[in-house]
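Below are two complexes that have subunit A in common, paired first with subunit B and then with subunit C.
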Partner chain A sequence: MRSFEYLAPSTLQDALAALHQRENASVLAGGTDLILRLKRREQSPSTLVDIKRIEELDGLETGVHGLSIGAGVTMSRIEASAVVRQDYAGLHAGAATVGSAQIRNRATVVGNVCNATPCADTVPPLVVLQAQVRMSSQGGERRLPLEQLFTGPGTTVVRPDEIVVSVEVPLPEPGTGSAYARHSTRAAMDLAAAGVAVALTLEDDNETCRRAHIALGAVAPTPIRASQAEDILSGQALTPALVAEAARVASTEARPISDVRASAEFRQEIVRVLAARTIQAAAADAQRRQAMSRRSG
Partner chain B sequence: MKQQIVTKINGQQHVLQVSPRKTLLAMLREQLQLTGTKEGCGTGDCGACTVLLDGQPVNSCLVLGVEIDGREVITIEGLDNDGELHPVQEALVERGGMQCGFCTPGIALNGAALLQDNPDPDEAQIRRALAGNLCRCTGYVKIVEAIQEAARKWREKSATRTPAPEPADG
Partner chain C sequence: MMQELDLKTVGSRATKVDGPAIVTGRAQYADDVQLPGMVYGRLLHNPHPHARIRRIDTTRALAVPGVVDVVTGADLPDLDLFATDEVCYQGQKVGVVVADDPDVAADALELIEVEYEVLPAVVDPLVALQHDSPPVRLDAPASEHKDADGRVLPNVTTHGELVEGDVERGFAEADVVVEAEYNVPFFHQNYLEPNASTARLEPDGRITIWTAAQGSFNIRDAVAGALRLPHGRIRVIVTQVGGAFGAKNGIFVEAHAAMLAMRLRRPVKITMRRDEEFLDGNPAPGCHVYLKTGARKDGTLTALEGRIVWDRGWLGGGGAANRLRGLYRIPHIKLESYGVRTNKPRPGAYRAPGSIQTAFARESNMDLLARKLNMDPVELRLMNAISTGDPSLNGTPLEKDWLRLTIQRTAAAAEWGKRKLGPNQGIGIACGEWTNGAGPSNAFITLGEDGSVTLLTGQVDITGLHTTLAQIVAEELAVDLTKVKVTLGNTDMVPYTALSAGSLATYSAGTAAREAARRARHRILRAAAEFLEVDADQLEMGAGRVVSRSDASLSVGLAELAASARRSSEGPISGQWVLGSLPTHPSYSVHIATVEVDPGTGRVRLLDLVAGQDVGRALNPMLVEGQIHGGATQCLGLGLMEGYKYGGNEHLLNADLVDNPIPTAMDVPVIRTVMVEEPCSDGPYGAKGVGEPPMIPGAAAIANAIHDAVGIRVTTVPITPERVLRVLQAGAAEQA
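Now for the complex of A and B:
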């Protein structure tokens, strides 16, 4: 690791000022990716701005409008949240899949998003749940749909003087369920060879799909939507044949590469299998949420 | 340039001068001679470097020493209670949950943290909690048995300390 200046400001303002004043500064959150890259000298910033002491970035807020995940919130906190498990099942599954207990205690959701690795486990679920990203700089604040954040593997539109302060996830409307599944060679501690997230909204009959969102991870330079597969499901009754057809189409929308983890052909086939399972799991989650809200309403 | 940090390690306060690029692992081993914490991979994959940071298991090879300013660390040297082994340590010894011992400090700390959260874990929960601790010797079976045994002892101990409340339905 090359040497660097380390700053640990306690306010967002000070952190933004530090980024503004310095040429080659990096934001440090959980560090599970960044410290590894520093060790490998894949990145050699002259300053690290540690944002973990900034209280206003540490909130995991849940409310009637949705979920606000501050930049300091770890995977473990997402995993432990009963609200996330209840209303954002796909995100819960994604966070619980990341790394090991030790990694989940450090790694943050916002960090997972900012690193923009195509195989990030929380990104496809956040995409189908229509998450927005909030960024701050000295010039002010802006918001973008998460889908528009990525420009390529490891690259985003976040500027060097900006901090992603939170990811905002709207509360899924009644009748909506979500799910995430991924395949990796080992069950734990491994990067995804392919991941599929689905959010479905069912009509009151609990069978017809009003709207579907499907996102694929690790099978393209950035996480992508399988929009043709979404169209196949929309407005239709979720029969096994329809689900199989949507899954087949989703696999043709994947644009995977061959690497050490899997060949392109295998990845495509995994997407088909995972998509079918995940569509069904999201529908089951929608029915479960529907039943809960009937009971409580 | 070195920075000053104030931290509690194994219950004892330390004021340390540390270079920002030094990992917590290197700081513990080289500056404090706490060599019970091991370096296996240095990349967050093996768990040999596991310590408890504010009670939570983390890989000390992926934490900077400067990051623990104002926080509390427990290493394997601090897991016992005044010389009395932690139930997880005891069970690892008794059940043959260790052979060469290189993974053992990490497993003991992670196992202890698991019982703190969940005093009655099933096998799947134990295996999931220990997924980030690689062991090249034991084949894991004896480690899992040891944690189950430790959980039993742990529950007995806490039962004698605080009597369990009467179940409401009798």
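Now for the complex of A and C:
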């Protein structure tokens, strides 16, 4: 790698000041992607601002309003959280599938979001769970729906002087379940050739879909919503035929490319197969959550 | 059954003598070598599959602070270390930068300007085989090979034919015939440790090279050849080796480091990156196979016809076809082989070279035949397997019924025919054959004045060899294993020693160690007889002492004996043996794979693998099992995920471990091993070579299990989910 200046501020203020003062600085969190890019000389920042020592970014907060995932929160912490497993099953599945245990001990959810790779495993689940992104700069703070963050492979609307301080996920309303599945050749330590996340809200009958959110990973320049497939499910009973039809439509909404990992046709077919399975899994999760809330209520 | 020898240490599950150093990070690998005043080289690789070099300008690179030297082919008119006019594969070396710091060298590398004129390239061996293929090398000598119409085949470097009997008659006698075409890509050894070499010019003008290789002498000879120096100028010290699998038989950057060390009069280290290993390494060659097998209704094989086209990279070379017959009795055979050049790196050895690729085709065809005959695949193999007295592949008759025993015992362990399989699950069997090499090797034993024993050998340890050698010495001298220390001799210390390759190391060095130990034992007994004033034949050895059989009070410890031997007429106690060669025997491996196929995604999960192997005698069962586990894992990698992929522009797409994945622990099931111990008459204690056989049959066993699971045949490895799904959908379309 090329040489660079390394800063490790202990407060967000200092980190933002460093970014404000410097050209061509990069934010370093887990570094599981960034360090590789530095070694390959695909990216050569003149300064690395390491945010791992900033305590105020280290929070994983859960509450009645939802989940707040600070920029320092690792995949492992998400994986280990009982609340995430209980109420945000799709996100749990996405975080648990990233890399290996060693990678997950290091990699952060916010880092996964900011890298903006189309195959990021936590992004489709966060999208269907309607996550928002909180960004800070010396000029102040702003929020955006996660879906609006991405502009292309590896690019976002985050400005060079901004730090994404957290991802905020609202508590899914009662009757909502989520799921994520991806396809890769290896069982672990692999990247998704295609990924599908689904969040469904069921009516009280536990069969009719009130609302559906479907997001696809690795099949377009950015993670995308399969809105036509969502429309097919909304307000309908989740019969096998309906699920199959929604999955078929979702696969036509994918706009994959052929590359070394898979052909476009294969990716499209995988989206169809995974979408059907993930819709079913999300419905099952919704029923599970419903049953839990009834028991506790 | 196995003949009973009264063995104590040999045959035990002794832990690796170097295990603690390895697992605690103290073992010194090639890149751990640090010398005062050392500088670092980074290589410049050509980015095109085929091109002409128009111009190289190193001015800007030389101006970078910290850069010590920049060298290209123009600086070395008498040597072939760098391409000067034509580059024939992506990754070929064009130059090197040397700097105080490896990252500074990499910075400067980007400032070397090379102007290329891109030329047409070919990476598909079947395209390269044609008369109208682009030539892989413009400067190659004219090809002598022509097609049926008399047109010159520019990239064909070898053509061979193996004919036995009358293949047309054989097929006329057949009731059932199957034929298929198989593809195997280039695939990489993926040793954990990338290559690294350090060289230093010594005060006397000689050069010392530290490197991780499978044999110090081959490295010495190759560097001497590359630098046109006498062998005696070079000393090679092999460090701990972090995986090799055949790749590290030859040189990678050793000659470059040595050249730079001579030029700069400073120690120079060159460490390769992982992408350089893919681009500029020596992976296993790919091939295309057409194979047709005929049998009578009862399953008796009558004929085999085939053609194998070996993809030999930019330098071309040969490749045998006889392994397509392998281990079956077939009266009528016609096998043709071609070796073709392609714009790829030169392939090298990878664990059972040639056997893996041919076994995939042969054992897949056997499975197709069993299906068409409606016969059990195990029965079909047992019926046609070569047996005691039959000639093996290298002509020597089989001493024992090794192959059939291995098939039978592996099938029994896998509960073949008795397993209940779920939906989309299937089971498949395949067999492999390998005949290990032998010698030269050596062993030099010295008894220390503290009762310890040192063994010096030139045989490099890549598999646990030195642990096994220590066991052998401990056994023969009746001392505790902890008393034996094994030292690897460098090229100045021991006579020429073969590579630790071809499964020959334990077979050869183990024999040398046993013979040397027996000579040391004679010396010890003679010295003890003198010391105790009794006849040597009255004495026996045990627990580090020599004791009289008739009077237990008459004894002497080895330490005391060694000390007194200093003053004896024969001098200090030692024993040595230099081995030339030994007769060898084939050994067989049988894998039975159970898989589950996801019909939606095409993903194949290996549920279970039973790996049987004819090992002669397991000198250390734990180490033998380790070899079986490792080999089986590597062939499941080839079977399901590994392999070079090229894009439309003939560029390599996956020079990394993300897109050229190898199995992780999550992909490997519990591998159950079956060791068939029926000793051969020539290996140490009856052992045979065990390193290579476990790599051979797995890919075919998986392909056969997939066929059993979902009724489709995939004839190209790796059997990726996409390939499975494509064949599944084609099958569904055919039925519709």
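FYI, the second predicted complex is superposed on the first by the 297 of 297 C-alpha atoms of A that agree within 3 Å, B and C clash if a C-alpha of one lies under 4 Å from a C-alpha of the other, contacts with A are read in each partner's own complex, and residues count from 1 in each chain.
Quick note on the criterion: a contact is a pair of C-beta atoms (placed from the backbone, for glycine too) under 8 Å apart; a residue touches a chain by one contact, two chains touch by 3 or more.
As the structure is a prediction and not an experimental result, all values here were calculated from the model.
> Please indicate which partner A:Thr32 is in contact with in the superposed arrangement: first for subunit B, second for subunit C, both, or neither.
first
> Does the superposition put A:Leu48 against subunit B (first), subunit C (second), both, or neither?
first
> One more residue to check, A:Ser227. First (subunit B), second (subunit C), both or neither?
So A:Ser227 meets neither subunit B nor subunit C here.
> Quick one: is A:Gln280 in contact with subunit B, with subunit C, with both, or with neither? Answer first, second, both or neither.
neither
> Go through the superposed model and pick first if A:Ser100 touches only subunit B, second if only subunit C, both, or neither.
Once the two structures are laid over each other on A, A:Ser100 reaches both partners.
> Let me test your reading of the model: by the given contact rule, A:Ala262 touches which partner, first (subunit B), second (subunit C), both or neither?
Second partner only, subunit C.
> Let me test your reading of the model: by the given contact rule, A:Gln86 touches which partner, first (subunit B), second (subunit C), both or neither?
Neither partner.
> Just to be sure I read the superposition right, which of the two partners does A:Ser3 touch: subunit B = first, subunit C = second, or both, or neither?
both
> Once the structures are superposed on A, label A:Ile270 by its partner contacts, choosing first (subunit B), second (subunit C), both or neither.
A:Ile270: touches subunit C, not subunit B.
> Do subunit B and subunit C touch any of the same residues on subunit A, and if so, which?
Shared contact residues on subunit A: 1-3, 100, 187-189.
> With touch defined as at the start, can you tell me which subunit A residues reach subunit C in the complex?
The contact residues of subunit A facing subunit C are 1-3, 41, 100, 183, 185-191, 259-263, 266, 269-270, 273-274, 277.
> Write out the stretch or stretches of subunit A touching subunit B in their complex.
1-6, 8, 31-32, 35-36, 38-39, 48, 50, 52, 76, 99-103, 105-106, 187-189
> Please give the residue numbers of subunit B that touch subunit A in the complex, ascending.
Per the stated touch rule, the residues are 1, 3, 19-21, 23, 42-45, 47, 50, 53, 56-59, 62-64, 66-67, 69, 110, 113-114, 128-133.
> Any idea which subunit C residues touch subunit A in the complex?
103, 106-107, 110, 600-601, 603, 605, 640-641, 645, 647, 653-654, 658-659, 661, 663-664, 666-667, 720-722, 725-726
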